[in-house]
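Take a look at the structures listed below.
Shared between the two complexes below is subunit A, which has subunit B as its partner in the first and subunit C in the second.
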Partner chain A sequence: MSRPRPPHPQPGPEGPASCSRTVTVQEPMGLHLRTGKAIVQTANRFQARIAIRNLDQDVGPVDAKSILQIMQLQARQGHRLELVAQGPDARPALEALAQIFAQPGEPAPPS
Partner chain B sequence: MTTQIFSGLPASPGIGLGHTYIYRPRTLLPQLLGPEDAQAAPQEEWERFLEARAQVDQELVRLAERADAMVAEIFLVHREILHDKTLSQAVRRHIQAGLHATAATQQAIVELAQSLAELGDEYFASRSADVRDVGQRLLAHLSKDSRAHALAHLPRNTVLIAEELTAFDITHLSPDHVVGIGLLNSAPTAHTAILARSLGLPMVCGLSPEVLQLPFGRLAILDGIQGRLFVDPDQETLESYQDTRDRLRRFRVRAEEHAQEPAITLDRIPVPVQVNINNRQDLLTASGSGADGVGLLRTEYLLRDRDALPDAQEQLAAYLEVARHFPNRPLTVRLLDLGGDKPLAFLPVPQEPNPFLGLRGIRYLLHHPEILRTQLEALVRLAVEAPVSQVRILIPMVSKVSEVRRTLAALAEMPRAQELRRSGRLRLGVLVEVPSAAVLADKLAPLVDFLSIGTNDLAQYMLAADRSNSAVAALASAMDPSVLRVMAQTVQAGQVHEIPVAICGEFASDPSVVPLLLGLGIGELSVVAPAVALVKHAVRQTHVAQARRLAEQALRCARAQEVHRLLERIRAQQ
Partner chain C sequence: MIAIVIVSHSRCLAEGVREVADQMASGQVTIVPVGGVQDQEGTHLGTDPMAVLQAIQDAWTPDGVLILADLGSAILSAETALEFLPPEQRRRCRISNAPLVEGAIVAALEASLGGSLDAVNAAAEGTGSLVKVARPHPDPRGSTP
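Now for the complex of A and B:
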């Protein structure tokens, strides 16, 4: 059976256009379908390819533009997720996504 | 013929009398649809898939538009799955490998559902049901021979029994023909149960697997109130349930006829029945429900989909929108109940291992006095401008007397607040939902103008059982004598200090507990909109002096079960 193949942004010649950020899942119910929907809808606003890895479960990377792949992360409250974006608008994409996960005490900068 | 009785969990109230129909859906197995005889033309098949997807998309949008907010969310999430690129890529791959659109879709859905089902984490594994649900909708459009057909043409008076039904199945049922649903695998909190309640279909979950072996067409009773399924019931049981069902129907019809009239008990005591409002979508049903005011306006909806806290002007506009639907009646507004369990992108919310015991409700607001001040300012202005009879401010999550004193001090700083409070236009009250507040109600009552008991949280904190954890949720019953006792204590404090004691929370929305609540001395009830008419009707059938004796008996009980039996006896007498 073939599993979905997530794209993995390669740190390539576009070097500077690739950036990453680590966020923590705050919701008590974990990263559930509703938040997954918000992530996909936000990610789709950008051209950048965005991958997410669950650092605590060692799952991923998966495509942030697919809700089904995001579910594969099995991200529970407290899990750290690494977001890697590559493309011309990689930085604003990560900032917008980080808003969804906004850290306590240090709210993400307004996008 | 002996009666067989199966027990489960009540998921949607009501009584269904009919005949068994065991629904065993064709499972979505990959080998079921092989490559068809004729050679598939990939481009045509891909277009068929896109067309089916567009049709399902319209279907989901329509369903979401007609549903209330909670149900709509289910369909919107399914819409996201429908358009998921992982799904469409898989379908495309199978089509290019020579499969027809139907087989390719089925194959892709089975693979994706399977890969989710294999996950170790139960929540994420159970999302495979959502994927299958979407797949089912697609396949219904791609092939004529679908599950939708089977469920849309059930015989009249069907008691439908199945392992599990999807949201898709429920929305394709012929509701005139199905009188009740019994399921093995669902939970009362599942999407299916929410939909069944919204359609008024009685449902029981968690039945034993034996029910799938039952023969078709057997006489059956589905009791969605107590969570039971009777098959081949004896004459006596059948007649008693026929009575109950007819009584419930008459009750509903009569109740709806008199929804707009005041609720007065048999011994001439008027009892205001107010309504709980969670968001703007609730406004329409709430304003037409016949409610005598708003007993609980949850204000967290103001923050949804926002990137900043609304200022006083904007909050005032939102409250005035509600007020306009309830002229000359009280409007009770709960201060923002924020905390770790309701994270917001733009507010600093603490990360806590146990948010229900953390910085919540008034604790949070006292930590962030600017948020409290803004909301109080809007509410004081509301008391000046609103066409309602009075504005009541409800303080959530009070556990200490000092929290009330500090809120009072913040209110006193607002211009005109003191004067408005003296004139009765503005009132301040405590939401009693933490056991310490109930126990110290006699110390809180002299400081405020009313008390309102929040039964959901009170039961959860009293019994140390999380309502969202299905393993212990049943423990957190507001019917537990321990909860009833602190409720009685709260009422007594209110009576001594001559302030009204209300109840908001799901408990009050069950018409059968109304005699108990009035017997305990509760003076006002606030319930969900669909329950207003029913609760008013129950008030009209209650004699408070008699209900007091019932409450005394209930307070002497040791177990919630005994209280249930007491109430059943009352029902039987009516």
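Now for the complex of A and C:
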């Protein structure tokens, strides 16, 4: 099976204003369509390039601004996703995205 | 923001696809379902080019209209409908090659984010190569586990 293409250019820790954090999929049904929609809508509010990698399936990185690519993450409950953002608003972008993965009533995991 | 027309042989299917797509677009995108043919005995499976034309006109926006159809005569009906449109409107319509359900879901979300007609269509058509179930490579010896 072919892996999804990484976003171009691929965000990396060497670039300016790059940051990352790892979140865990909490939903019993995995990362489903509505959550994918929330990720894409949130990611598109920011200028930063944002990549997501499924650490447990070794899939990605995929572009967080593309629902098509997010659907290829095959993220199930318990999978860890690494979010890498690069750009002037990288940090608030990751804050906003991490909120999506936080369980109700719990704060987002720290950076 | 572009609009979307869903063409299916089944009115129910067209409306169901609209329901799913509408949720992805958070109700921000005009999505018009059309399908089925009516006669004196009721509604049957099929597509009517004039009904598709009416759907395109109902959905019309100068940003463009993306038409997603199931297959076969639904495509022909959409093509015929476009022939009845004035050339300046026809230029702003695309019949997508995307799978109907997956394409509509992606198109609705991309349209709600403000994507152009061609960008939304490209994203929708990208669903055609989407892998749904990851399977191991087949055993070259041809035996099944």
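Brief remarks follow.
Operating definition for what follows: the second predicted complex is superposed on the first by the 91 of 111 C-alpha atoms of A that agree within 3 Å, B and C clash if a C-alpha of one lies under 4 Å from a C-alpha of the other, contacts with A are read in each partner's own complex, and residues count from 1 in each chain.
Following the convention adopted for this analysis, a contact is a pair of C-beta atoms (placed from the backbone, for glycine too) under 8 Å apart; a residue touches a chain by one contact, two chains touch by 3 or more.
Remember, predicted model here, so these are calculated numbers, not experimental data.
When the two complexes are overlaid on subunit A, subunit B and subunit C occupy overlapping space and clash.
Counting residues of subunit A touched by each partner, subunit B versus subunit C, the larger count belongs to B.
Once the two complexes are overlaid on the shared chain, A:P28 sits against subunit B while remaining clear of subunit C. Legend: residue contacts after superposition of the two complexes on their common chain; A:A102 is shown touching subunit B, with no touch to subunit C. In the superposition on chain A, A:V40 contacts both subunit B and subunit C. Among 3-11, 75-83 or 291-299, the region of subunit B with C-alpha atoms clashing against subunit C is 75-83.
Looking at subunit A, you'll find residues 1-2, 33-34, 37, 40-41, 66-68, 71-72, 74 touch subunit B in one structure and subunit C in the other. Subunit A contributes residues 1-2, 33-34, 37, 40-41, 44, 66-68, 71-72, 74 to its touches with subunit C in the complex. Contact residues on subunit C toward subunit A in their complex (touch as defined above): 23-24, 26, 105-106, 109-110, 112-113, 123, 126-127, 130-131, 134-135.
Interface residues of subunit B, counted against subunit A in their complex, comprise 73, 76-77, 80-81, 84-87, 89-90, 93, 111-112, 114-116, 119-121, 123-124, 127, 130-131, 307, 340-341, 343, 345-351, 355. Contacts from subunit A toward subunit B in the complex involve residues 1-4, 24, 26-30, 32-34, 36-37, 40-41, 63, 65-69, 71-72, 74, 76, 78, 99-100, 102, 104-105, 107-108, 110.
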